[in-house]
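Chain lettering (A, B, C and D) follows the sequence in which the chains are written, and residue indices restart at 1 in each chain.
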Amino acid sequence: MKRIAVLTSGGDAPGMNAAVRAVVRKAIYEGMEVYGINRGYAGMVDGDIFKFETKDVTNIMSKGGTFLRSARFPEFAQLEGQLKGIEQLKKNGIEGVVVIGGDGSYHGAMRLTEHGFPAVGVPGTIDNDIVGTDFTIGFDTAVNTAVDAIDKICDTSYSHKRTFVVEVMGRNAGDIAVWSGLATGADQIIIPEEEFDINQVVQRNMDGYEKRGKSHAIIVLAEGVTTADKFVQMMKEAGDTSDLRATNLGHILRGGSPSPRDRVLASWMGAHAVALLKEGRGGLAVGIQNETLVEHPILGTAEENALFSIAEDGKIIVNNPHKAQLELAKLSRELRR
Amino acid sequence: MKRIAVLTSGGDAPGMNAAVRAVVRKAIYEGMEVYGINRGYAGMVDGDIFKFETKDVTNIMSKGGTFLRSARFPEFAQLEGQLKGIEQLKKNGIEGVVVIGGDGSYHGAMRLTEHGFPAVGVPGTIDNDIVGTDFTIGFDTAVNTAVDAIDKICDTSYSHKRTFVVEVMGRNAGDIAVWSGLATGADQIIIPEEEFDINQVVQRNMDGYEKRGKSHAIIVLAEGVTTADKFVQMMKEAGDTSDLRATNLGHILRGGSPSPRDRVLASWMGAHAVALLKEGRGGLAVGIQNETLVEHPILGTAEENALFSIAEDGKIIVNNPHKAQLELAKLSRELRR
Amino acid sequence: MKRIAVLTSGGDAPGMNAAVRAVVRKAIYEGMEVYGINRGYAGMVDGDIFKFETKDVTNIMSKGGTFLRSARFPEFAQLEGQLKGIEQLKKNGIEGVVVIGGDGSYHGAMRLTEHGFPAVGVPGTIDNDIVGTDFTIGFDTAVNTAVDAIDKICDTSYSHKRTFVVEVMGRNAGDIAVWSGLATGADQIIIPEEEFDINQVVQRNMDGYEKRGKSHAIIVLAEGVTTADKFVQMMKEAGDTSDLRATNLGHILRGGSPSPRDRVLASWMGAHAVALLKEGRGGLAVGIQNETLVEHPILGTAEENALFSIAEDGKIIVNNPHKAQLELAKLSRELRR
Amino acid sequence: MKRIAVLTSGGDAPGMNAAVRAVVRKAIYEGMEVYGINRGYAGMVDGDIFKFETKDVTNIMSKGGTFLRSARFPEFAQLEGQLKGIEQLKKNGIEGVVVIGGDGSYHGAMRLTEHGFPAVGVPGTIDNDIVGTDFTIGFDTAVNTAVDAIDKICDTSYSHKRTFVVEVMGRNAGDIAVWSGLATGADQIIIPEEEFDINQVVQRNMDGYEKRGKSHAIIVLAEGVTTADKFVQMMKEAGDTSDLRATNLGHILRGGSPSPRDRVLASWMGAHAVALLKEGRGGLAVGIQNETLVEHPILGTAEENALFSIAEDGKIIVNNPHKAQLELAKLSRELRR
């Protein structure tokens, strides 16, 4: 291929800019032309497309968010939107596209693949819930931000002998909760992947103060379970009499300068996506597994290690859904006081 | 005096530990004995008191929160509690006490003063709402934390073309909102000290996108006005059609390693409190005004520059209530886009 | 005035961008036109000048360094350079200029004043060594960075029972050393403003380990005294047998996102400089004294509170030289273990 | 086993405390007794040993350095020291020991193994240069600190159009240089694993300014090659005429609160070391390879995947020496401007 494009889509994640930089620089290094698409699939359909020069991505690696911007664009789930997007790409002479984003973004890449247009996915989301990779771009930074915030909450929690329920992002996956909970020595971690009994949560919490000499407590809660406010309410109703507080770290987890690790992963995967397109290979999703670059078909059978299959009724099947590392959740229980 | 004590009270603030360290070290430097009182006035009444050695405060300056802990203790508003507290102090041979905290803590110090027990107040609260000082211990750190978080929210706000309403602490005072809003170039700052018209807020916000080419917007809101959730609701009802999000920075503002400035202010004021007690002077509140150490009577008349007077009906009058720097709020309006 | 310009000069300091933003936005708010001059006085003489729009300074407040760049330009000490610079300004219809920088930059502003061209100085340097202001733009951030680094060095110092000599910037002024030393509980602070006896330094250090039960030691050294390497050498020669290490924080102190306080001070002083020029007032230096905006004549007599006078032999006299707060250095000695 | 001990040795690394906490808590969780040894092998030989309670490791996870302290102790290379150390362990009824540290620490563990005393190594060093693991405890934090500092240096470098040579730790391994160089978009990375030609370094640097429109340059240098000062000298001698500056990040890389990733790795590996000892398995080194826990014999043949073999002449052979990821160094060259 001689000319490719890159877009970011879905919830923004720190490191997306590093991935864009890698795509641009690697493409130019390989003698290709590279275009940027603003606002994700919305910009693709609108033709909001521009040519990148090497200097355009100077100094963007350390910036949070995505300077290409992102946007929700449900219309791309429809055939009409897809065809219009491909038309725009072809009009600009673009032969392949790198899609940086999460689940929804990959669905778009799958549709491009269905229509025979070469797309390569790069996993960018703080939630770490993308199949085909051990780590997504943005996860490490989000965990850093969460731990920094929880360390701060520990200070005030200790000062006032309080129990804090801290809600972190993660609609389907408990990864941020597990990593940040383990890294802060949280007393309890509540994630969608594990069932919990509110009476046991309360029992353990009260025992901490009464029997194990604890001076305060932190409970890390993934948003996929419920909100911190509701969880505190549930604890009160189940008889918790400690000084309970709820806090939601919310959107600060999405921002901030990407961690070095996220910059490295983003650079590595972004450049690899270009290498694949250069060889004419599309319909693939890039990942890091076992600290090594891998690629999987976006669409295909489970035997082919494809990320998604499409059932007869047209429904999308995730072949090998992501799971948080429950081993680490178990470890946190063994190491807490 | 030969023997003094120190306590922290009210909401914890970064830098309280630096103030405790200064009290302990300065007292020992001056040849005095110094005791710690755990859990504020509650610990005073309980006799939860211990003798400090110089090494006990090694390495605490950089820690957030208060290692002496704090506690709400409404009983100290009653005569009985006050007398019991003084009795405990006298039993330990303590001749004066340094009280580090906010409004409520100062009221306690005022009661000690009424009963003739020498107390010196040191302003410790993130809200900056204490009379008799330009800056309180913890304010600088809280602003740093708020700005760090708002900078992060700007990243994601830009990526998605969103309007974020960011709630920061400050029940009576807009200082954190004003400083963090000015320092992040926030589009609007809503504080208890200034009236606002929700229609104008919305008008300006919509104009930003439509007429001034803005790509996103941040509105910083002091908790004393209302919650971020309710403010977003009000904006929607007043016709705002931008992509609105509410976020509450909440308790992370209370924690974290104190900023150098807070450590310096805390050291300076804590040591000064001891110097006053050494001279036998109590009933005073320490402050920094015009970058210089000052002290004011805690109780007295307005002419005496006392912080509080007591009206005939027993009500406490604040003689010269704190006000946020409205000049800075005005400046932020002149400098925004 | 209707048209002004702004430049940054001398060593860069975090917050310079916030000051430029304030100049640009305030000028536009006041209905004036505002131009940027690249690379300080060098750019002025070269005519490297461009017109600012309000959007040009969006998102620069949180960036370190100066996007207008700075440069050494000794030629501006000569009459020829000065006249050429003024000619360039006049050619562009510029009636007044805001100069953001340190000592050397102020000398340039003084020359412009001599020639009758209205200039207003804004103090931007991490060293805090400018006359006519309590605080310079960049000082707070530099202290934050120094304290963060020294806190880290404390960790490793403790682990290995070492004595670290930490060199911080400050050629003429010990401010960074005093503030960062006090804020980290450093054992000794060595600054140009105070004499020291190397034998006493060593005596105290050895006593710390042998008599006062210390587990490690930090000595903060201002570069104006000597280098860390040489100081360690001096200590060894004077008989220090502890495990000595030298480290120089160097240029990291110049960079980084400006602290909120620096952003606020920069905004405040930058806007004030424009307000003065709008009134047709030049030949002034802006400052913050006693937490209030002030301005002083750049050139004049000591009685007029002017920053500089010129002696009969043409030499520049600093009327009221800056001094580090020796009171804080004394305080650090009282509070150390 | 019923009773084990833990020590930290060699250069301190952030995360060592998290590893100690994991060893203590996991041992207690498994019903074992656990002892701490102060000051590494020196403390082992001296019998500086104490019993751990679960609360002793509360709140240490977020602290930098090692609260067990470390010390150089060349005497442990001698038989006499080794036997004395084992005697002390046995006197305290200790049946196995967890050694947290780098190369030298592992040699000590190898000697214990030779004498039949069960030891398990946990890799703790910022340099990432330990065999048998992809990542060592402390590496991620050190890279974070280096990148934070280099980002700051970029600010000032840009402002003044300078070339900075930034020296980072890494005596034998270029890992910190490679990761921090890639993550900051450094122009050149100089590591012990790759040869360099100073003329080419200078040529590329000058071309950057003259042909590729660069505004400044960062060269990251691993200490194992030479010092920053000497490298700048070499560049000057080879004809570089840019504004060159040398800076050494030095010891700040060793300190600081460990990153979440380092806390998680340390917890995981520390707990695994205990699990091995509980099963009576010693003579092993724990590691993370391909994101999975592994263990290798410390002493044995290359075929057994042992870390070290001992040659006939008594020399220690490293069977599979660590290498920095040259693939990432290559990537950084492809992505730079």
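Quick note on the criterion: a residue touches a chain if its C-beta (ideal position, glycine included) is under 8 Å from a C-beta of that chain, and two chains touch if they have at least 3 such contacts.
Keep in mind that this is a model prediction, so the values were computed, not measured.
Common neighbours of chain A and chain D (chains touching each): not present.
For this pair, chain A with chain B, the centres built from the Cα atoms lie 37 Å apart.
Inter-chain centre distance (chain B to chain C, centres taken as mean C-alpha positions): 29 Å. Between chain A and chain C, the centres computed from C-alpha atoms are 42 Å apart. Residue positions of chain A with contacts to 2 or more other chains are 151, 154. If you draw each protein chain as a dot and join the dots that touch, you get one closed loop, with every dot joined to exactly two others.
For chain C in complex with chain D, the residues that touch the partner chain are 8, 12, 14, 63-66, 69-71, 145, 149, 151-156, 158-161, 164, 245, 247-252, 254-256. Residue ranges on chain A touching chain D, taken from their complex, read 21-22, 25-26, 29, 54-55, 58-59, 61-62, 134, 140, 143-144, 146-147, 151, 154, 179-180, 182-185, 213, 257, 259-261, 263-264, 267-268, 271, 290-292, 328, 331-332, 334-337.
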